[in-house]
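Take a look at the structure set out below.
The first chain written gets the first letter, and so on, giving A, B and C; residue counts start at 1 in each chain.
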Amino acid sequence: MTEALRLEGVHKSFGRLQVLRGIDLVLDVHEVVCLIGASGSGKSTLLRCVNLLESIDAGRIIVSGHEVTNARVDVNAVRRSIGIVFQAFNLFPHMTVLGNVTLAPRRALGLSKDRAEAEGLELLARFGLADKRDEYPDRLSGGQQQRVAIVRALAMRPSLMLLDEVTSALDPELVAEVLGVIRELAEGGMTMLIATHEMAFARDIAHRVCFLDAGVILEQGPADRMLTNPREERTQRFLQRFIEAGRL
Amino acid sequence: MDHEQGARPTDPAVAAAGSRRSRILGGSGDTRSVAIAVTSTLVFLGAVVAVTVTSPGWPAVRDAFFDGAIFSDTFPEIAEAFLLNIRIFLIAEAFILVFALFIAVLRSLPGPVFFPIRAIAIGYTDVFRGIPTILVIYILGFGAPALQLSGVPISPLFWGVVALVLVYSAYVAEVYRAGIESVHPSQEAAARSLGLSRSQSLRFVVLPQAVRRVVPPLLNDFIGLQKDSALVALIGPVEAFRQSQIEESASFNFTPYLATALLFVLATIPLARFTDWLIARDRRRQLAGRVT
Amino acid sequence: MRRLALIAAFFLLAGLAAGCGGGGGDDNDAAATTTQTSCAKDQLELVSSGTLTIGTGNPEFSPWYEGGTPNGSTFEVNDPATGKGYESAVAYALARKLGFSKEEVQWKAVSFNQTFKPGPKDFDFAMQQISYNPQRAKAVDFSESYYEVNQALVALSDKPIASATTIADLKDAKLGAVVGTTNYDYVVDNIKPSKKPSVYDTLSDNVAALKNGQIDGLVTDFPTAYYIANVQLSNAKLVGRFPTVGTQEHFGLTFEKGNPLVGCVNKAFAALKQDGTLDRLEQQWITSKAHAPLIQQ
């Protein structure tokens, strides 16, 4: 099985607002794909549809060869195999860092407390957060919280990671540490679909970049080519703003 | 453990005033403000007391409500009867905390298939918030035992507590519901996207946060419950209010009622301060993890 | 903030509107402290001139009041204006002696507490099986006795307490009485059971508790106990009468403190006793119907 994710003709509307108008996308295992596009272009919605937080109106989503969009599928099982990290971290404020990381492995995967904690600590150590294990989220910086959120998702040993603008809410000086984590994951071979504004970073780690515009993937291609020499005029205009801001 | 950002003096209003003063006038604004506050309070209280005791009606009021001899005579029995009130509301509080949560969860079950359950929960809260507590106590306290069904207890204390639990659970269920709805949906989204089931995310993520948030209104309802424990007297048990009624009808003096009032107030103070402490302790934690 | 002010204003106005509905009661002048020299009907100081206003309970029961409730009555169970029942009969006999016709007697429902608490009254006297005791006599004026009363015990027939013959048999019983009554005092001062008695606001509540088995026995005055055991409940028994402890308990009419009417009423009672009316009425309504064993000390 080389395909980690396949989207075919995915449509999604919220009321009368059509957000996704026919998305076709394939991710191979170990591939890192970045989604770029203006706010409101549907990046977040797309990610949320993949992990079934939103239901789609038409089309199919196939994860590791299993179609997840038919009615009989076990939604929780699908979500256990896909990790998602949000822009707003969404850590559980009433639990410690270790508690956040071990909750789902213990309750959804059924791991024993000791095993979950051992694995959780290992992950936390890998990303330099071991000393924060007993802290509550409110005592961590934004960058630390987002890294914990990533670890929390990784603790479920997903086969696919979805990252939704995970650095957009961070102070600039904290962005680097989070990007560092993502880079490590990519280098470790994690299949990832990343919605991002960080163009330089995208060029660095993505195999492929997709430009989402008005609900469809207007253009996609190898990261280097897409970001330096896009074919579509709208893509060029979109990227122009980043170039002018010195961020590409 | 409290890690406040910077020193936080005991009275925020005084501190605010003090620090404002220091910024404007310079000098030790804090100490001066405290001294002024204390002095003005004493002067004010002194004035109120002076006006009261020199008013023409005061002797009659004092004799009718503040008779020291009657107070010390009747206080021991009233205090002993108050133990019954304490028992009633402690037992009721324990059941209400659990039962009301159950109702609130029932109310939040999603989807059309659970509509009958939601409807029952809504009906329950409507009915028991609508009927006056005193009526519920009468109907259950005298009515339920009158059915003479085997296995149905006849003890008025039992039915009094049941009535209080039914009534207050209706209010507290709504408080829980408000708490559940106040937890940002992104929390449930995060939990669900980790693969936790709906009931798991409710149990481990939403409810713990919801319950912490609604501690003040919850304890507010419980203070009301503590006072309503007196209503159980209607169906027979002699608790503090009834005991003071008995004393009053023997002496025609209202001082016993004052003794009872004092006991009730003293009982609510610990709960009120505990509430304040809980609010302060949990407030910080609620701020982290919120959607920015 | 403005919305909050509007809501608060709404409640305030609603509350004021509700309060302004009823008119105030009559302002009762403080009764004169001089004794009434003349008991002529037109010289009596009455709450409502030309009318004798009597306060009693609602509902009231046999044997004190009987005859049911005719149409339009504001009383439940028994209307005191029927003239039937011991108290009603005595009241009308008294009224006649004072010179009032039947139509000139008005009955007013008052709570039991009001009949012996200090303060101005909106009735001329109250008649509601009110026992004389020195404490109450400090707050209101009592007339002479119109009935000598003993306490009695009612129990459900199938309970062990139903066969009690001495007060010692009642030591472990759960008894019930109405708050602020001499019945309650008798339980606490003379019977002294090991369990605190249950206390109720009204006799009806007390009877309901007895029916439910929530109390073992109910203590009230003897004629009322008889009525409860033999008429009101089907499975209850009048276990017995209690002995008098100390002075004989009696019922009196209660008057606002200093009301000169007391003197005239006492004169009338003396006359009714002398000519045997009180005895006759007692025979008619009470004694002939009620017998019970004595519960020994």
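The rule is simple: a residue touches a chain if its C-beta (ideal position, glycine included) is under 8 Å from a C-beta of that chain, and two chains touch if they have at least 3 such contacts.
Please read all numbers here as calculations on a predicted model, not as lab measurements.
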item: Graph class of chain-chain contacts, one of line, ring, star, complete, other; value: line
item: Innermost chain, where centres are averages of C-alpha coordinates; value: B
item: Inter-chain centre distance, chain B versus chain C - centres from mean C-alpha coordinates, in Å; value: 40
item: Rounded Å distance between chain A and chain B, as computed from the means of their C-alpha atoms; value: 46
item: Chain A and chain C, separation of their C-alpha mean positions in angstrom; value: 82
item: Where chain A touches two or more other chains, by residue; value: none
item: Junction residues of chain C, two or more chains touched; value: none
item: Chain B residues counted as touching two or more neighbouring chains; value: none
item: Of chain C, residues touching chain B in the complex; value: 113, 117-118, 135, 138-139, 176, 179-180, 184-185, 196-201, 205, 208-209, 211-215
item: Chain B to chain A touching residues, read off their complex; value: 3, 186-187, 189-197, 200, 204-205, 208-209, 212, 284-292
item: Chain B-facing residues of chain A, complex; value: 51, 53, 76-77, 79-82, 84, 86, 88-94, 103-104, 107-109, 136-140, 145, 152-153, 156, 169
item: Interface residues, chain B side, partner chain C - complex; value: 142, 145-146, 154-156, 233-238, 242, 245-246, 249-252
